[in-house]
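In the two complexes that follow, chain A is the common piece, with chain B as its partner first and chain C second.
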Partner chain A sequence: MHPLTPSKDPAPLTLPSPQGGEGGGESGYGWFPYALIAPAMLMLVVVALVPFLYTVYLSLHEIRHAQVGDWAGLANYRTLLANPRFWHSAGISLLFIAIAVPLEFGLGLAGALILNQGVRLRSIIIPVLFVPTMMAPVVVAILWKIMLAGSWGLLSYNVIERFGILTGTSVLASPSLALYALVLVDVWQWTPFMMLAFFAGLQSLPLTPYRAAAVDGASDLQAFRRLTLPLMAPLMAVIGLLRLIDAFKVFDTIFLLTGGGPGTATESTSLFVYKTVFDFWDLGPASATAVVIWIMFFAFANGFYQIARRKLGAF
Partner chain B sequence: MRSSRVALFTILAVAWAALAIFPVLWMAAMTVKPEALMFARPPAWSFTPTLEHLHYVVAEGFAWSLVRSLMVAGLSTLLIVVIGTPAAYAFARFPIRRRDDLLLFVLATRLAPPVALVIPFYLIYARVGLLDTYVGLILAYLTFNLSFYVWVLWSFCRDLPPELEEAARADGYSRTRVLLHVVLPLLRPGIIATSVLCFIFAWNEFLYAFMLGGKAVETLPVAVPKLITSQGVKWGELSVVGIAALVPILAAVFVLQRHIVRGLTMGAVKG
Partner chain C sequence: MSAKRRMWMSLLAIAMMAVVPGSAAAQGWSYKDAAKPYAGRSITILDEVTPLQENMRTLVPEFEKATGIKVDYQLLNHFEVISKGQADMLSGRGAYDAVMLHSPQMGLLLDAGVIRPIDDLLGNKALTNPGLDRADFIEPAADSLTKFRGKTYGFLNWNYNVVYWARGDLFGHAEEKTAFKKKYGYDLAPAKTLQQMRDIAEFFTRKKGEKLAGQTLDSDFYGIVMEGIKGGTTLWTVLNAFVKNFGGDIFDAEGKPTVNRPENVAAVKFWADLWKFSPPGQAEYSLIDVPTVMGNGIAAQTLAWSDFVLGIDQPGKSKLAGKFVYAGSPANAQGKKRSAETEPSGIVISKHSKQPEATYLFLQWMVDKSTQQILFDKSGGAGVPIRNSTWALPSVKQSKFAGLYVAMQESLKYGSAKPKAPKLFEVMDVLVGLVQEVGLGKKTADQAMKEGQEKVQAICAKCTL
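Up next is the complex of A and B:
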């Protein structure tokens, strides 16, 4: 192992280190590994690191009409933090995540436990459940515009009007309900994925502890609380965190279904960034927002990496 | 007792799947629903199918959007397979300086919100003339797809037993030959699964195509607003486009099933 790599080879069990038989540390490989990663890493630097640094640069300058002006220090960040619309959008994003993600998590876990009861027809049920998750956001938007269309939408007519929730107009156009409609769409799209991910986790649990529990006369509920939950915990953390990240950055579905409206009723942080750039052409504060979001995501990504690696041994 | 329990849970699971797929079936029915019944109250469940919406969509040239979508998704995936495969393999097999930092960079790139990235892309592209070009779009798709591919294929590479490679080395194969003739064939299922997912992500992508593209590279997702006309929204036609965009996804889902979970959880869950 090279002295600079702090010898945290994450998967010593699945990956016997190949240099063992070759007798030499890194020198045994020379430039070969670096030649293999160079094209991909260079490309990622060009398409991710450079744009990121450019955004940081923009956020620290005064920008008028897409022309980069004087050094502005943290002025753009101050403008951003003083903008009530930014805080409003952060609140919308948080509300959206706070309702949608726990729902998807709970329903997904319940669904996975159902699937895990030796359910038949799984070779049909599983691919069908994948369809909403893999669909293009544009298709999701078309689908739900149709289901939730005012007066003639299937769901509007049969459920929303019947229960007197709203009549005459689409829930997507209602300032008080539009966000919940978006939550519904998100839950529809992502619960099946959570379900199948949890199910895959349940399927990979070791059987021995369950046999022992059965011998000891443990009930199903006890086995679930004492075995399934602790064994699944790291996996649930990883999947939940990943969903949290995705739910926070959701843009297309909201953009296409409500455009952030009516008014700013569904303007999540992603939509706020989009509008400050492409509607108001306010590049300074927009870049500042992008940087703030980026730093947040880096923290998320790091959290995901650490949990997946330390607790799950996945990487 | 046991079998009635299985039957009960099977019914529950089937009902759940039916609920998930129902809106898709409803949209599929809209593709052949006559215009006159489109806005019926209560919504019409039975009708004589018509092909008017399909004809309109074909006449409007949506087939070209389909071709452009195939080009962008196909070419970007091809590029990613070519440059991403060696990288994923190297990360799994060789000691690389600051490997953990590099991998975290790859992951962070994948998780970064596109709405924050599209700003610098737009400004840089406007300056260098890459707006509304295939090259521009394909490059932009590398951010989420190359990082995804390297990361997930890396997880497949770690599952390969190193003994075969060691044996080939002992037989005097060069490292390049080991990679091409030993590793690649073994890795094929992983490469196929991961690249099909990349293709789907590119195929589905909206924001970059919408902001960085234009008439010349108008992919299927961004062609959709053309159906929202001054005479109103063409729902039947929208449904046709929606189903067209869905077909490759359906095909992929049935082929890939097991690997989708692994891909979507970034390799954390082995499906």
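Up next is the complex of A and C:
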């Protein structure tokens, strides 16, 4: 079998016909589909839309001591956008995702391709790969604290300090290294997720094009570039987008491992918002931050969606 | 008297007290009688979870039984107590009748007017135990926390404090003692001054392969370890254990920022200078890591929260258990004023409570002498006193931590609540990042304090209430 091809043909997917018979389309179901999704949509409105609209409302008002006061217009937005700390935290978040997500993506894809070759003990390896992803971020942070804590962490004491890799400081205490340590933690936790998602995608690819490519004398690399990548592109787009969004929201590990320090070297936007709300109780600027982040993400996700839909056939 | 026997005696005492309390009985006052109008009512209390509060929870049924007041005593972690308690009080939701507050929270909540003063309740003879003995509360902790503009807000309920903690085995080693005296001209002993602490830090900082107490080191050894993380209590320790001992402060008498005053710069410089004798990871050390490092035996001394010491200086927790020595937080040899880092925290009645009287009775019972005695007996003499009378308890005097209690008592003489400043968390967040950068050598003390002054002024021109 071609090394970069799916290991088996997937079972054909069949969908039940609407009541209106063949060619009935959506209209054949009448109101029934809407009734089916209504509870979920209602729940979404209650838990997502209403709080969001309330956040927008708060961002446009003066808030003192958690009490909503007068209409403030865009004052909270002006305060926020003039705050260098917000821009710094946005930069930290972008740098974090710019390093972490491509690494997770690349390593995940490489791992999935290896897994797809029918590796021995795959039935044991796959459940083990789930472990980091299934762990609560707080547990992950504590685990890595035990590994990297200066002078007493397992890795710090036995490797980094013993072999003089880093002197006079520790990984998490170094302004130039702390962010990369957090990236490492994120990569450790989420690469297995990417790997398994890509592996599931590879498993569902049809065999026929690969057989045709093999008959035509295509090399492994050609098959990968011309078949695997295009066929996997929609899945990659979805997984990549989800990971980008999730990586931007990273909070627990940063909060527990560095608290945003040293200085403000690892203060991400999530940490900035948390501090603004729960430490400083500046709910106006905090709400404005949430709205600005939402707008940024909406614009990004929408652009990504359009590109992925048109160019990659995703969504 | 065995600890178990003492505990049973104490339980009997509290049961008696609830119905016929000791000194109060003679004056015809009991919790049972005081609570009669409120029997059957329910109150909800939010406190922070520690072993001491978990012990308190086991005593609550005694109060319920005696008074008929139903108490939902909720314990949450540090961050949740702050966020949930504060949110509940500020929003006016009123889910909690009483909330545990850390002293830095007081400014915001007093400014918002959501803490109910208790002076009317204290003055109510039907409600207040004549044996409450408010003069027995440890000062200046109690008044600095609960008094504001002539009114009283809640009771002192926690009294955490930073003590000096060192390796007794090293300090008692003959060769080390001789070498120290030869080098510094005075005897090696727990530091009484910050300057002595620096000398000790310098003396004990050794490289791998050098000798320490006659043994060849297989890894580096550090003269001191301190909290250095951005957050936690790093700033407060710098401020109260160093800056104030140098005569400085971050606010003047009117509450205006004075971050860049020369005394502050000198103190931060002194503190940062100690970092060269500290483990490389100090900038990430929180108040939890510091005791861990001491327990692991890679540092000679520290300034640490005494309640965390209780968790390390125990057989099975550290190979050095029983070999540590303690003292009060050191003074400045050239200083006129002495200060120590302490965290007096309180339990206050929410303005939105619909049951202030029943809540007051419960809070009063929590800080009652008898209740405090039982708490200490139950914990085997391990706790943090809020009353002076607690120092004299047999469970404290005969405790294996007796030396630690002497150190606590010393530190508590010089510690106060944090300034009542509504924007204190924001100020703290700015300054802690700056002092950490001084410790890391990224900024000079002068630069950091100058920058701090500008940033704090941008947050609040007049910071305290």
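Please note the rule applied: the second predicted complex is superposed on the first by the 243 of 315 C-alpha atoms of A that agree within 3 Å, B and C clash if a C-alpha of one lies under 4 Å from a C-alpha of the other, contacts with A are read in each partner's own complex, and residues count from 1 in each chain.
The rule is short, and it goes like this: contacts are C-beta pairs under 8 Å (C-beta built on N, C-alpha and C of every residue); 3 or more make two chains touch, one makes a residue touch a chain.
It should be emphasised that the depicted structure is a prediction, and the values quoted were computed from it without experimental measurement.
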Fill in: First (chain B), second (chain C), both or neither touched by A:Gly118
first
Practice prompt. Identify the partner contact of A:Tyr54: answer first if only chain B is touched, second if only chain C is, both if each is, neither if none is.
Written response: first
Worksheet item: If you stack the two complexes on chain A, which partner ends up touching A:Phe278: first (chain B), second (chain C), both, or neither?
Response: both
Worksheet item: Who does A:Trp152 touch here: chain B (first), chain C (second), both, or neither?
Response: both
Discussion item. Once chain A of both complexes is superposed, is A:Trp188 in touch with chain B (first), chain C (second), both, or neither?
Written reply: first
Practice prompt. Count the residues of chain A touched by chain B and by chain C, then name the partner with the higher count.
Written response: B
Worksheet item: Touching A:Ala66, do we find chain B (first), chain C (second), both, or neither?
Response: both
Worksheet item: Touch check for A:Leu103: first (chain B), second (chain C), both, or neither?
Response: neither
Discussion item. Looking at A:Leu129 after the superposition, I want to know if it touches chain B, chain C, both of them or none. Which is it: first, second, both, neither?
Written reply: first
Item to complete: Name the contact category of A:Ala90: first (chain B only), second (chain C only), both, or neither.
Response: neither
Worksheet entry | Contact residues common to both interfaces of chain A (with chain B and with chain C) | 66, 149, 151-153, 157, 278
Worksheet entry | chain A-facing residues of chain C, complex | 79, 82-83, 86-87, 90-91, 108, 111-112, 114, 219-220, 222, 228-232, 279-286, 289, 292-293, 296, 298, 423, 425-426, 429, 433-434, 436-437, 440, 442
Worksheet entry | Complex contacts: residues of chain A adjacent to chain B | 1-2, 4-5, 8, 11, 14-19, 21, 25-26, 29, 32-34, 36-37, 39-41, 43-44, 46-52, 54-55, 58, 66, 111, 114-115, 117-122, 124-139, 142-147, 149, 151-154, 157-158, 188, 191-193, 195-197, 200-201, 204, 235, 238-239, 242, 245, 248-249, 251-252, 255-256, 270, 273-274, 277-278, 283, 286-287, 289-291, 293-294, 297-298, 300-302, 304-305, 308, 312, 314-315
Worksheet item: In their shared complex, at which residues does chain B touch chain A?
Response: 5-6, 9-10, 12-14, 16-17, 20-21, 23-24, 26-27, 30, 38-43, 83-84, 86-87, 89-100, 102-117, 119-124, 126, 139-140, 142-143, 146-147, 150, 155, 158-159, 162, 165-166, 175, 179, 200, 203-204, 206-207, 211, 220-221, 224, 233, 235, 238-239, 241-242, 245-246, 249-250, 252-254, 257, 260-262, 264-271
Worksheet item: Can you list the chain A residues touching chain C in their complex?
Response: 65-67, 149-153, 156-157, 161-162, 166-170, 172-175, 257-264, 275, 278-282
